[in-house]
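One structure is given below, represented as structure tokens, and several questions about it will come after.
Which chain is which? They are A, B, C, D and E, in the order written, and residues in each are numbered from 1.
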Amino acid sequence: MLEDTDSLPIEELDSSDSIHLVIPHKRTGKPGDAPGIEHDQLLTMPRAERPATITVIDYCPERYETKTVTDVEALLDQHRAPGTVVRWINVDGIDDPVAIRVLATKYSLHPLAIEDLVHVPQRPKVDPYEATGDQHARLFLIARMAMLVDGALDSEQVSMFLGHNTVLTFQEAPGDCWDPIRQRIARAGSRLRQNDASFLLYALIDAMVDHCFPILEEYGNRLEALEDEILERPSPAVIRKVHALKRELLVLRRDFWPLREVVHTLQREPHECLSDTTRTYLRDVYDHLVQIIDILETYREVAMGIGESYMTAMSNRMNEVMKVLTIISTIFIPITFLAGVYGMNFEYLPELKWHWAYPSFWIVSLLSTATMIVFFRRKGWI
Amino acid sequence: MLEDTDSLPIEELDSSDSIHLVIPHKRTGKPGDAPGIEHDQLLTMPRAERPATITVIDYCPERYETKTVTDVEALLDQHRAPGTVVRWINVDGIDDPVAIRVLATKYSLHPLAIEDLVHVPQRPKVDPYEATGDQHARLFLIARMAMLVDGALDSEQVSMFLGHNTVLTFQEAPGDCWDPIRQRIARAGSRLRQNDASFLLYALIDAMVDHCFPILEEYGNRLEALEDEILERPSPAVIRKVHALKRELLVLRRDFWPLREVVHTLQREPHECLSDTTRTYLRDVYDHLVQIIDILETYREVAMGIGESYMTAMSNRMNEVMKVLTIISTIFIPITFLAGVYGMNFEYLPELKWHWAYPSFWIVSLLSTATMIVFFRRKGWI
Amino acid sequence: MLEDTDSLPIEELDSSDSIHLVIPHKRTGKPGDAPGIEHDQLLTMPRAERPATITVIDYCPERYETKTVTDVEALLDQHRAPGTVVRWINVDGIDDPVAIRVLATKYSLHPLAIEDLVHVPQRPKVDPYEATGDQHARLFLIARMAMLVDGALDSEQVSMFLGHNTVLTFQEAPGDCWDPIRQRIARAGSRLRQNDASFLLYALIDAMVDHCFPILEEYGNRLEALEDEILERPSPAVIRKVHALKRELLVLRRDFWPLREVVHTLQREPHECLSDTTRTYLRDVYDHLVQIIDILETYREVAMGIGESYMTAMSNRMNEVMKVLTIISTIFIPITFLAGVYGMNFEYLPELKWHWAYPSFWIVSLLSTATMIVFFRRKGWI
Amino acid sequence: MLEDTDSLPIEELDSSDSIHLVIPHKRTGKPGDAPGIEHDQLLTMPRAERPATITVIDYCPERYETKTVTDVEALLDQHRAPGTVVRWINVDGIDDPVAIRVLATKYSLHPLAIEDLVHVPQRPKVDPYEATGDQHARLFLIARMAMLVDGALDSEQVSMFLGHNTVLTFQEAPGDCWDPIRQRIARAGSRLRQNDASFLLYALIDAMVDHCFPILEEYGNRLEALEDEILERPSPAVIRKVHALKRELLVLRRDFWPLREVVHTLQREPHECLSDTTRTYLRDVYDHLVQIIDILETYREVAMGIGESYMTAMSNRMNEVMKVLTIISTIFIPITFLAGVYGMNFEYLPELKWHWAYPSFWIVSLLSTATMIVFFRRKGWI
Amino acid sequence: MLEDTDSLPIEELDSSDSIHLVIPHKRTGKPGDAPGIEHDQLLTMPRAERPATITVIDYCPERYETKTVTDVEALLDQHRAPGTVVRWINVDGIDDPVAIRVLATKYSLHPLAIEDLVHVPQRPKVDPYEATGDQHARLFLIARMAMLVDGALDSEQVSMFLGHNTVLTFQEAPGDCWDPIRQRIARAGSRLRQNDASFLLYALIDAMVDHCFPILEEYGNRLEALEDEILERPSPAVIRKVHALKRELLVLRRDFWPLREVVHTLQREPHECLSDTTRTYLRDVYDHLVQIIDILETYREVAMGIGESYMTAMSNRMNEVMKVLTIISTIFIPITFLAGVYGMNFEYLPELKWHWAYPSFWIVSLLSTATMIVFFRRKGWI
């Protein structure tokens, strides 16, 4: 589903839905509810029709093992494959309170983090939870995964927990951009296999960020097409498409701007779950995020430029219309008056009897027209 | 009253009052008056017709007790319910100097804080008062509670004092968004009951912030409706509604932007009345405030986009009007002239006698018209 | 004079002078002159026709004394009233070099400060002068006092020196907003009487800041009146009034924005002349300044909104004018042509002889008109 | 030449050259050349036709001496006047490599500084050079001296070196605003004579900054004149003058904005050549620079306001033109049609024979006109 | 190729390609690929048709040696020329994985750096790599080299590594602006020869920055030409050229703005490979970068001013067109009506028989025309 990023014909872009992209509908409960979601509280929440799909990958430099869990309760008893070090649990679907409760209990996740994970959308952020008495240190991170579905921008929230040897990821729906990561885990000797859990977290973020580049390329192509169209046949429809596109860029910006801060914080502030190697590699993600934001800014300026081109084109066209009207009117109105004069029925109107009157009339008319044309030439109107 | 946030039909929105929302009328006394309001000074202030309603809630993990106080003076002698730890006193109405004096004296509130509480509106802010000799440490906090009353935005100032075991809240008028909090206090075993007074303060702020989301959703719906309307039937009335909406967004922004700073300060700067747990939970409020401001920014951009769409629509319509005028004029003016020529009464006008003159006239007229139409087609006007 | 803040009828606002408000005419000497003004140098300056009015107020918690000094030289010998602690010397008029020299010498004011006090206008600022050898520590502060004189904004520079027990204030002209302060000094037991000189300085600044609120209210009223007017009868005159108002807001902003920094500096950086109590109270002034700047920003946005409403109204009106012209022209031009055709004098023009020709002409004309009207209805023009 | 700041008639302002003010033409050598200019390298540079004019002023509190040096080489052997402390060498003209080399060698100036001094224009900046082995500490400073020459803004780069007892200044061309400084040096007992070399540097900068105020006043006058003109007779020529003025303001801003940073740096960062007294006085220069930038911002807003007034005026005028056209057309087109009807030559056209037909025609025409006029009155067009 | 910066005739500027300049097409592999490029991985990459050209320059104060390497593998065995200290290896072409692998292995370059070097374009940045166990300290730096090729802006990525005695540079294509550097290395006694490798790095950056000035000059010339053109004959074509130019300025800005940060970081943060001398000289580069960004800002404002001039010109022209139409229509429509009246065929139309009717008609017509002309004069239309 994620691969469908081919350049769509512009005609099929539909702006009618894009406002929904911009205005998030928060699915929280009632304002004033207790903060956070306690583990037991999850049991009272409505159960989703479709249970969440849970995939567990255990690996170490020497071996790795993947399994898809069907019975959520059974997960509690499952130990990681013998000898493996890192466990990555990926949950597709956040409407399954049972699955979330099982994981929240096993990995002692903070109620506030669970609330943020269930009540989407949240702003991308990172919350470090320090180790206290019976709790382990955790790093909780929210990011957004952007995708083009049938040419329209769609984005889902990804919530991630990093422990010492474990990474938990929760996605809103199945389908993601992490298949290359799974292949790299499968490949013995890959750098991913050599490193710890925080490196996996880095790799997941990196994949989400890199996945944005083809989307940007697609938007670049659309902008070029729109720009060509506005120069050739300016129309309100094109402008509406530009507006729709600007809005999708706004959405992308809202997703990636705070992520930049998140990565900056990860890089700068040490946390016991983050290794030094990971920190070095995060620098690279940070650079890519800065580049994405740069490109988004540039696109915005280009889109604004298209809008200005349109206004200029409209103003030119108006000018041209007015010039045609003025030229025709100015040439014919005076001589029409003259014809009117000699259409009068006065008994005493001497010119009517003159032999050369009619030819003279034409000569005067042509002279008047010629004068007007010279005048317009001077003005540069024709 | 606060629940009335259903989406109103746009026609009923009235922009005439919204300027009052934007321009606060400060109800202070004369400039140059002594700073702060001394406790005794309160006695000289005009007594409100309706005395303030004071609700006292005492609670501890094991039990809780609610009472509404009628005789303000009696409050002085009331001890908190035996064994309870936290007391929350909520005052509805700030026009009752007696009630304020009683509380100010009992809890030794600072004159400057009393002034800010009485003279509304103030900008949201937090003022820490350190413990000195005979004074206890206090945290004084101003926030604004936004509500939609009959579809129009209304907001009142909420002033809050936090002591070691006490929270005092003053509202301008009855009616608030804190009923869920009261229910949570009533529910044994709730996290609120387990925690201290600062956690209650956090819960109150959190409720006010979360209460903003349905309001934002309402504005989002209105924006969508306005956008549809501007595309279908652009009219100055719609633009006026957009302006009114932009102004209400401005008011919301003015209420919540400084609150963000307030919460940031609370999080960052330790104060003896604030527990560590509360500090952790405030992080969540802060994230929500950032999200609200993000959404407000987005709405502003959307509203500006609607304004631009309107200008484009107007410009298009003007263009179309002008084109119709020009096409009609340009086609008929030349042939009207021709008809005028042959309406002239010259004695010597040879064409008048020709047999094929009249059919030729029509042929010339039709040819001229055809030429014009081809010309307009080329220009892309028809 | 300062009380005249009633809402003036808008017609009397005159924009012709307001540019002078914006563009300060610096009354310095020649560029390149020696920096600062030495005490002796003051003797060479031209003496003002009207000598400065000097008022001296001495007070302590127990007693106070006010006198107006006529003979400036005599001031040197005057000791403060026995037992009093704080002395406030207020000078109305900065054109009297003798008075300034006497004070400058007695209180060892720095030449740079004297220059800033004499050469108005300066930007609001605070300059701390440290105690050195024979010099006492001084705090030099420039603020601006805004007033509405006959409905027009006027503002004068106020220069203030704070010593350990002395406050010196210099105003450009008589008339100020400090009468409530004088009354509070006169009232035994007032907080002002209990405190030191720096608290007096705070009270003076506070009065100037609070005095701005009625001015803002006046501007708020004007804005509302202008907004109503632009909606009912848009005219260039209203827009000029909006421009004039925007400019006065600009002046207010220029006066109060740097003052905010000044108060912030006072709060943050300790100085031996500033007591801790004063510092606490300055926090309140700071909040008011932030509020003033917020309101000014809001007014600016409202004023800009009025400007946009005007442009929209103009554009609508233009559209309407064009529509009327187009409708009338488009209906009559074709049938006028037809009338012209049958006014032709061709000998062979068969329709002329038909019996039903004239009624048919009218039928064709009415049909054409009806068609046009249907067309315009479809377009939504009528 | 510098004194010619009288307010020029607006007509003589010519915008054609002002773009050159904005776009600096860098006179560097080829890109990639060695950085800095070595002292010996200066010998290979083309010698200017007119040798630089070098003025040397030596002074101490007791005496002072001025001489203009003709033979540059001789400068090397000249010792400062006996007993004097501070030496100020001013060089007019930077095209004389011999003079620069002599000074560069004698005062061991850094190659990078020499490059910046020769290759104008550079951005105002300050470069401290620390004392190393055989080099003395130097402060190198670039500023720009703005002047009005024949009413047009001109500015030249001034490069300054400060040593312990020496100030070197290099100007692009003769003519400056420092004559008052020279007079103050000549005046025994002046504060300048009492102080060290860094105080002289301060005085020179102060003179350049203060010299900007009359220029600003001139621009203020021009803005007022342009504003009056735009209200009375808006024309494209006035707008072009406003554009030209805005550009000159841009140039001033580009000259003084970085200078503000320079002075701020001097104030904040200690350097062994800068005395504490100078540092105190620099605070004053800094305040003036902030004021200049404030005024420039205000002027910019005023200029933008004039531009908006013009667009409003144009739009009003267009509206008026269109209204006249529409009124005339709408009144006459229907009755012209009616006249055309009764000019038709149908044999059977009964009204032609009626006795009261002609008077009825006039009555109908007048009624139609009256209706139209009432309609326009209602619309508020006439 | 780089020298072709002559001012092109504006007509030849083509905006059609410029969007490609703005929207970078990232040539990375698939998103989600492993981070960095391992040395061995390079062997699997497609080999470029044209192998990279590698130039090696070894130098010390006493001697220098240049050679172009053909057999890449042989480079491994080549020792630097005896006695020389600094080695500069320049690689033209980044499509040759073998060459890159050889160098990456020999100089132990970090995989992330290799990825950034191969996957162009990257944002200019600096990444310091600390010395660890078997790795040497490296400074990795990305900059962009801007050039005008046939009057169109082109820019390529330059990746640079600095070691203790080695500088590695990778360019996308042959042709650069470093020939003057090579000549300076060839010149015995040049400052470059006396200094270390970091000074060479500085010189290379300096050359790239200085190379921007002629480009800016070229753009300045184009802006002036466009401004003249817009004043003389405004046309949409000129506006399109202005848009194209604005976009190229945007590209330059995107190249040099981050470079400023890079140089600032180099200056501020010590690194073991950077000498103090280099740090001093980098200050100069930093100043030039600030100047470039200043000029770019100024150009942007000038370009925006041209856009505004165009809109004003269009609006004026429209006004003029409308005025001509209105004047002609208003003069002739009433008298055409009058002529129509006396062309009516009423039997009883007394004026037709009057002897002076025809001359009276002309008198009335002329009077009407004169009245209109006076009216237009009053309005200032003619």
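In the analysis below, contacts are C-beta pairs under 8 Å (C-beta built on N, C-alpha and C of every residue); 3 or more make two chains touch, one makes a residue touch a chain.
Since the model is a prediction, treat every value here as computed from it, not as a measurement.
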_If each step moves to a chain the current one touches, what is the fewest number of steps from chain A to chain E?_
1
*Answer with same or different: of all residue numbers used at the interface between chain D and chain E, are over half used by both copies?*
different
*asked:* Nearest whole angstrom, what separates the Cα centre of chain A from the Cα centre of chain D?
replied: 44
_At least two partner chains per residue is the criterion; list those residues in chain C._
318, 322, 325, 329, 333, 336, 340, 343-345, 349
*What topology does the chain touch graph have (line, ring, star, complete, other)?*
ring
_If contacts are counted as defined earlier, which sequence of chains do you get going round the ring from chain D via chain E?_
D, E, A, B, C
*asked:* Under the stated contact criterion, what part of chain C meets chain B in this complex?
replied: 177-181, 184, 190-192, 202-203, 206-207, 210-214, 216-217, 220, 223-224, 227, 231, 280-281, 283-284, 287, 290-291, 294-295, 298-299, 301-302, 305, 308-309, 312-313, 315-316, 318-319, 322-323, 325-326, 329-330, 333-334, 336-337, 340-341, 343-350, 379-381
*Give every residue of chain A touching chain B within the complex, in rising order.*
19, 22-26, 28, 30-36, 38, 111-112, 115-116, 122-123, 125, 127, 233, 236, 239-240, 243, 246-247, 250, 254, 307, 310-311, 314, 317-318, 320-322, 324-325, 328-329, 332-333, 335-336, 339-340, 342-345, 349, 351-355, 357-358, 361
